[in-house]
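Naming follows writing order (A, B and C), and every chain is counted from residue 1.
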């Protein structure tokens, strides 16, 4: 197997699959890598119990079964050099060389600290979906879904399909905002139908707006939560709380490669032009990485980048209209699911912010930059490399996250010890 | 129905469908995953390899993210005690 | 204009130690530091307290300083861990170094003993098979340097030292410092700015020497001592533009800190993957079992290297009441406390505990 690719695509979600398929359609030699064991990304993650949707199957097959595409599963990027990525899989490390690089690294959840959020049984909302599709047992469990954004409905549907008793969905955005959002959806009929379909599957599970989970209680596992809603404080006994406050672009690789970023509020995304070109020659960024817009904008942007990377400008031009339409949905999300200040005030002085190093909020008082805080308190020094606490602290207006350095994720020492000149 | 895979977690057998993650297999036994640096019990948070809360020993190698690894026949997993 | 008995410019571990000792002696001290305290070489350092014995003057200063560190062993934030230093012989040639090294250490009263192969593997079971022996210096230790620097600055402030979180633009012709915002401070000045020394004292040659460190996730019980190859000094003292040496350290967290690399020509702080690769290859030659462990972070730092490898400690010739404590290269943490005593004792007109002459910055001008 060659380690040289015309086009190397990082991330096998909707954007990366579309990019790989588009680039390979022109005869390019394409490498497609993803840290997960199966392709599909988070939105099309393989469900061990229920299998995949037809749409997911079709899109995954189009890329993986194309003879021009080499699929590298469980492969994570560790470091970069000019024109090459250092990657490792469960056994080996190697350098992958490329002419064009398409980043489709997707998004992660914004997870915000509140008292009790470190208890087993508390996960992200997307986190719950991901775990359940991996086979996490939920049958008969009492589950509360909370946080913000359309993902909550999807998480609730997944939980219910796997036998969970969904006690309720608690959305922090106000009822007014949610109604305005719902009224705007007619311009995206697919999404409107999806929303209606999901609500229909969730009959009996209350959907409460303007509601924030203030704390979780339990000794060694979650037992109950306290919700602050329009009707006051409410205690709910549950076995699982899935709470996520929307999605954040995974910009770390783009940042390490030197691509220009821009801030949306306090969180960075990658800047691109209409052909998905970043500020670095030969590097494209697509999908959630360029701002949270969902599956459709990811697919169009992935296809645009795949065609652009091999010079098919006509194809790129034809897709522009779709891209713009899908991107407007991103703006709608930003507008209607903006976070309520209550959410920023949930953490108490003794609430742990850095879960890797167990650093409480009070220890961070007085620090105005991530590096000083890290040197003094170990906040952000752990295995997640500040992905969880750094994004949370940016959201809480303490200080922004640090820049990006290799290894991008914790990596085997043997990988870092592999010789770049060994790639010929 | 997918094939069943047998693994051992802390010496206990657990049989799960192929494709199941180690994290999900551990959850079926209702075991906690790891102790934090201050000794608190922790379990998966993000489910997608970002938070590192699900780290366990897999086949003798410490600090492996259980949510990122599909089960393999005969795999030996151990969690913190 | 505000006036002080001493204006310390730079709050790395050396400046922090100077401010601490000066304030303890009753001086009215100002500390000028625009960045985080201990945020440059101090934060990048391994924090190994070691008596490097290859150069006699360096050894005297390190040995003196190690004695002063004993006062901080119980300080929780210092994370003081007396893991000892284990020097490993890579081959026959290294073995021949042991008697001399042992003699030098013993002559100075440093406890040390030769280790045969059997004991070597008992001390560090993951060392590669086939090693012949080594040398153990059991009382040496590791600390967390930036936390110590912060503690020393805080202690000085509790004694009345004033802290200016701002850049010092230049030294005044009459003793004093001009700050970036135009404020002037008057009094004797002690420059402890490490690699930034030339900005204030361009007459003292100083080269930055880049290093990389890799730290692993937590694997308690894997490595027990600070372990170095006996050939380490060849890398540390050699003039090669780039070199690596085997040097691993167990952190109290159970993490393993891995060094070391030295580069003169690299001027940016970016991690160099080829350099990391060389450094780890060297590591795996001694501890192949580390290969499968996960690295969490890599960082770089710059060691401040003087013209002859010894720090500049003392009065700066030709300038009114300007003093310097800088240029410690890779031994700044070990020698910080000793350096502070040596300089401040001279400033106070006291007899220093060790002969200050080898470190006198005037040697460079001469």
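Structural remarks
Note that a residue touches a chain if its C-beta (ideal position, glycine included) is under 8 Å from a C-beta of that chain, and two chains touch if they have at least 3 such contacts.
Nothing here was measured: the structure is a model prediction, and the numbers come from that model.
Averaging the CA coordinates per chain and comparing them to the mean over all protein CA atoms picks out A as nearest.
Between A-C and A-B, more C-beta contact pairs are found at A-B. Averaged C-alpha coordinates give centres for chain B and chain C that are 42 Å from one another. Chain centres here are Cα averages; for chain A and chain C they lie 42 Å apart.
Each chain gets a centre from the mean of its Cα atoms; for chain A and chain B, those two points are 22 Å apart.
With touch defined as above, residues shared between interfaces to two or more other chains in chain C number as follows: 217, 292-294. Among the residues of chain A, those in touch with two or more other chains are 382-383, 410. In chain B, the residues that touch at least two other chains are 37, 63. Within the complex, the chain B residues that touch chain A are 2, 16-21, 23-25, 27-28, 32-33, 36-38, 40-53, 55, 63, 67-70. Within the complex, the chain C residues that touch chain B are 217-219, 253, 292-294. The part of chain C that touches chain A in the complex is made up of residues 36, 38-39, 43, 146-147, 150, 214, 216-217, 258, 271, 273-274, 276-277, 280-281, 283-284, 290-299. Here chain B touches chain C in the complex through residues 37, 61-63, going by the rule given at the top. Remark: chain A residues 79-81, 86, 369, 371-372, 375-376, 381-383, 385, 405-407, 410-414, 416-421 touch chain C in the complex.
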